[in-house]
Amino acid sequence: MTVTYSNEVANATFFSFHRLLLRWRGSIYKLLYREFAVFALLYTVLSLVYRLALSESQRRLFEKIAMYCDKYAEQIPVTFVLGFYVTLVVNRWWNQFVNLPWPDRLMFLISSCVQGNDEHGRLLRRTLVRYVNLTSLLILRSVSTAVCKRFPTIDHVVEAGFMTPEERKVFESIRSPHLKYWIPFVWFSNLATQARQDGRIQDSIDLQNILNEMNMFRTWCATLFGYDWVGIPLVYTQVVTLAVYTFFFACLIGRQFLDPAQRYQGHDLDLYVPVFTLLQFLFFSGWLKVAEQLINPFGEDDEDFEANWIIDRNLQVSLLAVDEMHMDLPHLTKDIYWN
Amino acid sequence: MTVTYSNEVANATFFSFHRLLLRWRGSIYKLLYREFAVFALLYTVLSLVYRLALSESQRRLFEKIAMYCDKYAEQIPVTFVLGFYVTLVVNRWWNQFVNLPWPDRLMFLISSCVQGNDEHGRLLRRTLVRYVNLTSLLILRSVSTAVCKRFPTIDHVVEAGFMTPEERKVFESIRSPHLKYWIPFVWFSNLATQARQDGRIQDSIDLQNILNEMNMFRTWCATLFGYDWVGIPLVYTQVVTLAVYTFFFACLIGRQFLDPAQRYQGHDLDLYVPVFTLLQFLFFSGWLKVAEQLINPFGEDDEDFEANWIIDRNLQVSLLAVDEMHMDLPHLTKDIYWN
Amino acid sequence: MTVTYSNEVANATFFSFHRLLLRWRGSIYKLLYREFAVFALLYTVLSLVYRLALSESQRRLFEKIAMYCDKYAEQIPVTFVLGFYVTLVVNRWWNQFVNLPWPDRLMFLISSCVQGNDEHGRLLRRTLVRYVNLTSLLILRSVSTAVCKRFPTIDHVVEAGFMTPEERKVFESIRSPHLKYWIPFVWFSNLATQARQDGRIQDSIDLQNILNEMNMFRTWCATLFGYDWVGIPLVYTQVVTLAVYTFFFACLIGRQFLDPAQRYQGHDLDLYVPVFTLLQFLFFSGWLKVAEQLINPFGEDDEDFEANWIIDRNLQVSLLAVDEMHMDLPHLTKDIYWN
Amino acid sequence: MTVTYSNEVANATFFSFHRLLLRWRGSIYKLLYREFAVFALLYTVLSLVYRLALSESQRRLFEKIAMYCDKYAEQIPVTFVLGFYVTLVVNRWWNQFVNLPWPDRLMFLISSCVQGNDEHGRLLRRTLVRYVNLTSLLILRSVSTAVCKRFPTIDHVVEAGFMTPEERKVFESIRSPHLKYWIPFVWFSNLATQARQDGRIQDSIDLQNILNEMNMFRTWCATLFGYDWVGIPLVYTQVVTLAVYTFFFACLIGRQFLDPAQRYQGHDLDLYVPVFTLLQFLFFSGWLKVAEQLINPFGEDDEDFEANWIIDRNLQVSLLAVDEMHMDLPHLTKDIYWN
Amino acid sequence: MTVTYSNEVANATFFSFHRLLLRWRGSIYKLLYREFAVFALLYTVLSLVYRLALSESQRRLFEKIAMYCDKYAEQIPVTFVLGFYVTLVVNRWWNQFVNLPWPDRLMFLISSCVQGNDEHGRLLRRTLVRYVNLTSLLILRSVSTAVCKRFPTIDHVVEAGFMTPEERKVFESIRSPHLKYWIPFVWFSNLATQARQDGRIQDSIDLQNILNEMNMFRTWCATLFGYDWVGIPLVYTQVVTLAVYTFFFACLIGRQFLDPAQRYQGHDLDLYVPVFTLLQFLFFSGWLKVAEQLINPFGEDDEDFEANWIIDRNLQVSLLAVDEMHMDLPHLTKDIYWN
């Protein structure tokens, strides 16, 4: 599930964000310690080679290369590219969150407008919300790797109770080379129409309102699917990755401490540990990690949306709302401000 | 509550923003004086150590380190990172403000479309708006620390009159491992449907309009909840904090006034007080404070939304509108432009 | 009223924007001439002191301070901070314009769907639109300083014909510690419902459409109110102002022409008038003025929205549309393309 | 009309954008050749004066001034200011395009829901769409210079068949100091209501849907009007223009090739033609031209919207759709996939 | 079709984006290898000329020119211009994706609300969805080069079964100088109205909901058309292209390795292969390629939308939904959570 830290930053107190620096789960350290180790190792190896293995003239050459790399490292516009790219990724990520399909709006309508406490009434309401949950399951299966692992085949969908065996037969008998997640909604709309004709839904206004909500739900599903299907163009991601990796490659060589005795400008100090370069590494690859985490929010990262939990919650809550709670109202009593 | 200063800047006059610099409440000074003091203190300590405690050769080393730090301080892209990050935070903050749940739209409809001045009619209207207020209370309890302090348990909700004891029993008898803030809306929609069947709501159009408004209200609540639940990814916040803190750390050393006698470039002046570095500190940590204040607008900062006030206002106003003011119209008289 | 210049830039001609540089009303010159004079004066005083009043050694010190200031002036990221901040202010300003409450949509519906040319019908329609205008007046009074000056008390509202004396009594008899601008809309919705029950509004569809439009109008009002109530956080504005003022302060000293005889780098020319610094002043404080003008668009700046004119226009037009023009149709005749 | 080049860039091929560099219509060359010529001329004159007319000491002074200008030219943040400003202008321009009033949605409804093939039915439908077209014409007259030239007075509107002479009398008899473009919509809504009462529109649902579409159309018109009325604040445009012009002024002097014999840094080469400065001129004033073209998209630039064409198209198409095509359906036949 | 890689980046793992660097389809390498080869070739030729063909004094001149070019190459703000421009292009591209016309919402309504399993009912439903598909085909023909190749004339549209020969006659008999893609929607709305009068559509609510969905579909189509018709102003694209090309031109000369023996600053190393310049080339032209690919997403690039596939899918699915599946519901059975 996503890493929630809003409580810790409710108030802006003395250096209030510093506490966030000490967390592990979902943190920059957890995400980056391996990359950081590799970078530090490579830097150390290069440093040792320069200091111990090279001959005098090789060291002079290395120093020239280092200064050449350093000069170009500064010219790579990592900051801007990351700024524009991460903004794009964050917007897409949030839009996906906003379009997660919740059946609540529909279940209120079904619970109140599809009438009858008898068995047929219950069956009707339960089937309608089941179709809604089935649709979101079918979409989430193709969007989320976690859901796909849990429901690898239609068999699993049937077993989990989202589809009856008979529905499955009908579902599979429909010949279409295309994705079939729209089928339960044809059933939904047809079933709702039948319910109106049987008088279970009182009139067309109620029916149309339910159908409109259904279409809104479908649009959420289709939007999620669209975000998965059409990602940020590969070239853009490659360009950004290339820029960041090139920068780090240039830093590996260019940020070596050169022999102060050579009196190169800006190289009159040998600290052994390149503090600021390591911080820059953390900083820039942390920024890139933001993009890596959010570019597909349906994976299994710490920050990803827990699609399986959503599926379970929706089924449980929506069946409860349309069946047990149908017309089961608390007795009306006067509130304490009555007069 | 938020700090309102729009009246003071209604007109763009001579240096009109300078007046804002002299305020205390919600100001950069109130928010930053502690951090500023710590920064100034550390700077002074370092300065004294350099000037008084170090040996001649240690001072030479310190000077090299200082120039090294200064060089890298300039390379840290604090401005851009803060620019992109604060823009993101400000957008989220404003969207949360826009999605605060106000019952006004619903209460107009309930007041006009749920009929009957008898006790049952009053009970019906009051109960409907109470459910609406209850829902927003349940959401705000999980979103806002201030509301959570005031209503730590369901007992407090019942005592405050948002829920009757009987409703509470029903509420708690519903078994669900998930959050239950949707329950009052099932009651709402069922109660409204019953009211139509009893003829209290005249026809389906009225009912569906009320249910649509209810769903809009639910969406506001869900959006608020979503913003609290899924924050800006922790890594992003850490990256920004890290960048700013690294910058200040580099400044502490790198912006020391070095011995002019050494004739280092740009160090031919010893002012003792680093005016511009202190202003930069105010400036950049002020910008970060904007983010700290707004990242969770339901805390108890000067700028935060006063959720408790909203809850009280909504209950008072909505009960007034649907009960006392129901069909209580001023006598129609001709206006002064009649002919 | 706002300064309209779109006609002058309809076509992109030879240096077409240069004409805009020669305007006075709403221009950068009108807004900035005082600040500009102060800045130029201070610069001149400093310059004279340096050239005439200081001793030789004081001049050397001043020169060092000047170069120190100049170095830091360049490091202040005024451009970016202004860029991000002004973008935010401009977006908010435009959203406020978009949410100005116009009664046109409502008045079309009221004129066509509330029937009866007799006195009661006229009274009904006039009262309904009057409530609409009253609501927007109540909101604009708390938002706009200009409107507040014109209608300082409820007395003025009654006198101007937006409220009848009797309505005022009812309005004031409603006890609520909160703002009461929602009251006319409770009256509106109740009155419209009564009109349906009397058969003046034909059926529920018509009624609900009118109520939906009313709610849309209310949302505009509430949005305007929200923008006034919750401004850009004070800290943000302070940070920006601080950055700009610090920059100008640093420029005052750092951009002095130093004695060319001292051969400081970049100081081999003494022009007396710092052309580019003055242009930079115009430029950056002009940009900040954009923010100062737009941060509260309901003041009395040249660019501000003329709320009083809006109030008058709305009342006049909406009464005309629902009363005199009700069902007063031109005779249907064939148009010139008939066959 | 706008310059369409999307076909030429349908596929991303080898240097695919280079083809765009060779177009004339709507191109940077067509828009800028005059400014470019002026700039080049001034540069040449200055260059000749420096090389031929000045005395030795004057040349030394000129060289100092040139280097002074060059230093400050680099400090002017033209890129950012243009970036933020052009983004704002482009967004406004696109929003105006999106809000161009097309009657298609309304004409489908009128064609299908206003019944009767007799003369009165035809008259009704034609008059309704004529009112719609009349409204958009009245708005476009005040927004677009091109439309204003074509319809300078109401006489021209009547002659073009958008208004009958009798309607004109009624229109002018309505006394209001304010713009009157809302009048045809009062007629529209009243006429539609009458049609429902006469049974031409079957029931209220149909009527309200038509009125809602009418209100949507009105909102488009009002939005267009708003964009024309309230432009980007003059100060912003002036600030940007000032920045760009200052930059070019500084370049004129600062980018002169100085005598290599003087061995000024970066001035060891005399190319006579300042290739990169000329390209920078093209580049920055091209960017500014984007803003100049789009700031008022209703002029007569190559890229502007052809409002007169829109008016003609809308009238022709909408009369066709509601009259000749009313209920004129092709015979229903089985499609080729029937079984 | 678009290049989907979201599965590969579902989790943020060790250097997770590096895998993306190794793909070919849709990659930066596939898109840029030709440009890259040309650039490398030109660089090599220039390098050889400098090293082998020039005389001593020509080499000195070349070196000066190279340093001149290098200095200006750094001043060209490629990063920002590309950042702002690509952001604009990406937004437009995504909006086009969002507005692709899918008939699903309409087909659910038609399938459930247009009644009758007899031949006339089937004919009615099939014809209605066929009109919807026909409209989107007519739009996509003028928007997409791929669709235009497949359906170059109306004949092909008739052959493919989107239009019957009789409809074609009516279509062509309607005289209008303007595009005619709105005609099938007049038929649609008229046919739907007739169906209501025949009792096939039960009441006005159903009809109006269908017409509203139809209007929404039309808006998608019109939006797509608008994006194709009114592109990003040519000048903007030219400005960006010019900036990038100028930059590369300056790099070709300015980034040559100059003779280290001349001891020019920053030229004490001769690497023969300009690694960082080549990476910069990849990087900046990759970024420009993002724009080239997305500026018209209806071409035949790897990333473009496959409009032909969309047309086929929509026809097949929508006919299936409204005909075979009409009221063909799976038997209602109790789900596994029944009690």
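Order of writing sets the labels: A, B, C, D and E. Residues in every chain begin at 1.
Here is the rule we go by: contacts are C-beta pairs under 8 Å (C-beta built on N, C-alpha and C of every residue); 3 or more make two chains touch, one makes a residue touch a chain.
None of the values given here were measured: they were computed from a predicted structure.
Note on connectivity: the fewest chain-to-chain touch steps from chain B to chain D number 2.
Superposing the C-alpha atoms of chain D onto chain E requires a rotation of 70 degrees, rounded to the nearest 5. Shared numbers divided by all numbers used gives the overlap of an interface; between chain C and chain D this overlap falls below half, so the copies present different residues. With centres set at the average Cα position, the gap from chain A to chain C is 39 Å. For the pair chain B and chain C, the distance between C-alpha centroids works out to 24 Å. Under the contact definition stated at the top, the residues of chain C that touch 2 or more other chains are 31, 80, 83, 87, 205, 289, 293. Contacts between chains close into a ring here, every chain touching precisely two others.
All the chains close into one ring, and from chain A toward chain B their sequence is A, B, C, D, E. By the touch criterion given at the top, residues 2-7, 9-12, 14-18, 20-21, 23, 26-28, 31, 74, 79-80, 83, 86-87, 90, 97-98, 102, 104-105, 107-109, 111-113, 202-203, 205-206, 209, 213, 266, 268-269, 271, 276, 279-280, 282-283, 286-287, 289-290, 293-294, 303, 305, 313, 316-317, 320-321, 324-338 of chain E touch chain A in their complex. Of all the residues in chain C, the ones that touch chain B in their complex are 31, 34-35, 64-65, 67-69, 71-72, 75-77, 80-81, 83-84, 87-88, 120, 123-124, 126-127, 130, 145, 161, 164, 166-167, 169-170, 174, 176-178, 182-183, 185-194, 204-205, 207-208, 211-212, 214-215, 218-219, 222-223, 226, 228-239, 241-243, 245-246, 250, 288-289, 292-293, 295-296, 298-301, 304, 315, 319.
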